[in-house]
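All chains are identified by letter, namely A, B, C, D, E, F and G, in their written order; residue positions are counted from 1 within each chain.
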Amino acid sequence: MAENNQKRPFDVLNNALNKNVLIKLKGETEVRGELASFDVHMNLVIENGEELKNGELKRKLGVVLLRGDTVVFVSPA
Amino acid sequence: MAENNQKRPFDVLNNALNKNVLIKLKGETEVRGELASFDVHMNLVIENGEELKNGELKRKLGVVLLRGDTVVFVSPA
Amino acid sequence: MAENNQKRPFDVLNNALNKNVLIKLKGETEVRGELASFDVHMNLVIENGEELKNGELKRKLGVVLLRGDTVVFVSPA
Amino acid sequence: MAENNQKRPFDVLNNALNKNVLIKLKGETEVRGELASFDVHMNLVIENGEELKNGELKRKLGVVLLRGDTVVFVSPA
Amino acid sequence: MAENNQKRPFDVLNNALNKNVLIKLKGETEVRGELASFDVHMNLVIENGEELKNGELKRKLGVVLLRGDTVVFVSPA
Amino acid sequence: MAENNQKRPFDVLNNALNKNVLIKLKGETEVRGELASFDVHMNLVIENGEELKNGELKRKLGVVLLRGDTVVFVSPA
Amino acid sequence: MAENNQKRPFDVLNNALNKNVLIKLKGETEVRGELASFDVHMNLVIENGEELKNGELKRKLGVVLLRGDTVVFVSPA
């Protein structure tokens, strides 16, 4: 399958390492924190993570491993 | 499996690179912005992205990586 | 697995190229327009596409790439 | 994996070719019509198809390609 | 992966051939009838099948092919 | 992928054979009974099974085959 | 696919062995307890597990095997 674009989607994750990201998950949960690692399944580790619901802080999570198949989007802050 | 059509679905993404697209995701979320890259899983990177809900701007996202399996459709502006 | 039928499901898509089709997606969305291309995943490109909700025109989409795994059915007009 | 039954599930589809079938899909949609073809993914083509909702005719579809992964059951009339 | 149990889950289906079974599907549908065949995907053919909703007979289906990935459980009568 | 833990998740199932387990399924259904067999897909056979809804006995199932992909958790009694 | 990060997501699970973790599952269920083992599918075994609903203790589970594909996130305490 042709991909004539130089950039690749996972570059966004590489560039966001150790920086703040906002992650929207399936359901109504969002997580905000520093991206510490990721893999090809889009499993993500966030440090200093906070769980948000409707934009409000629900609780502090510290380190959290997010399963890739629940991710809707990842946006660097 | 026979495919006697010359054009292929992903050509739409190739042609839309660096242009505005509207993306409908599973659930009620939509994202609008410039398509910066994509891969064979339909993972998409949008720049100057805006999250919409019921057609209204919900928040500005800037750069955002959308996971392919949450995509319903992509439409160039 | 035995398939003693001569016709194959994707023939419907081949025969519908450049013709009007109605596509029902998971959720309550439907899209109507001309089938411009498809692939083995049932990813579809529609031209002059219109998004329908409850049978009413919701908005004109023009060109739109529909992700195969959100398709419920495709019916030539 | 042992299968000591002589009959196989897809025989039902082979035997139903060109006959009326009722198909229940995920969600609340049902389709009734003549089975014209199928494949190993349980993608189905129905001719003279009718879409039903809560047992009532919603609309006539004519030819319709149903995506296999939305099928709940297929029952010959 | 170690499996030190002699019996295997599909033995239940082998033993239930030509006997009455109750099948719970995703959503609120249940089907009751004689198990006529099955395959490794847990696709099932039921004869003299009846569709139940909330434990009440909704309609008689006769022969019905149930798609494996909609099955929650199968219980011999 | 590194796994430096000696125990493996399926050991729980091996150790629970012929003992009582509680199984939570997707949706609101739970099943309780003796674990008779399982496979690598987490398909489970329960004997003397009881279906529970909101913690109340809904009906006795006797032998029941639970499809692995509907399992949320399995807990030995 | 490039992964220039040294840490890997599953390291979080390795480091959390025998320690308390909070697990959010699809739906509204959460489980808290000690992580006893895991595999590459993110199947998890928790000891001294407690099921929570809306942050309240629903019941004590003791040992519980959680199926990986129902996991949303895992956070060490």
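Note that a contact is a pair of C-beta atoms (placed from the backbone, for glycine too) under 8 Å apart; a residue touches a chain by one contact, two chains touch by 3 or more.
Treat the numbers as computed from the prediction; the structure is a model and nothing was measured.
Here the chain-to-chain distance from chain C to chain E, counted in touching steps, is 2. In terms of their C-alpha centroids, the spacing between chain B and chain E amounts to 40 Å.
Chain G has its Cα centroid 18 Å from the Cα centroid of chain A. Rounded to a whole number, the gap between the C-alpha centres of chain D and chain F is 32 angstrom. For chain A, the set of residues touching two or more other chains reads 8, 10-11, 26, 69.
In the cyclic arrangement of chains, the order starting from chain D and heading towards chain E is D, E, F, G, A, B, C.
Residues of chain G touching chain A in their complex: 1-13, 22, 24, 26, 42, 68-69, 71-76.
Of all residues in chain B, those touching chain A in their complex are 8, 10-11, 14, 17, 25-27, 29, 31, 36-40, 43-45, 49, 61-67, 69-70.
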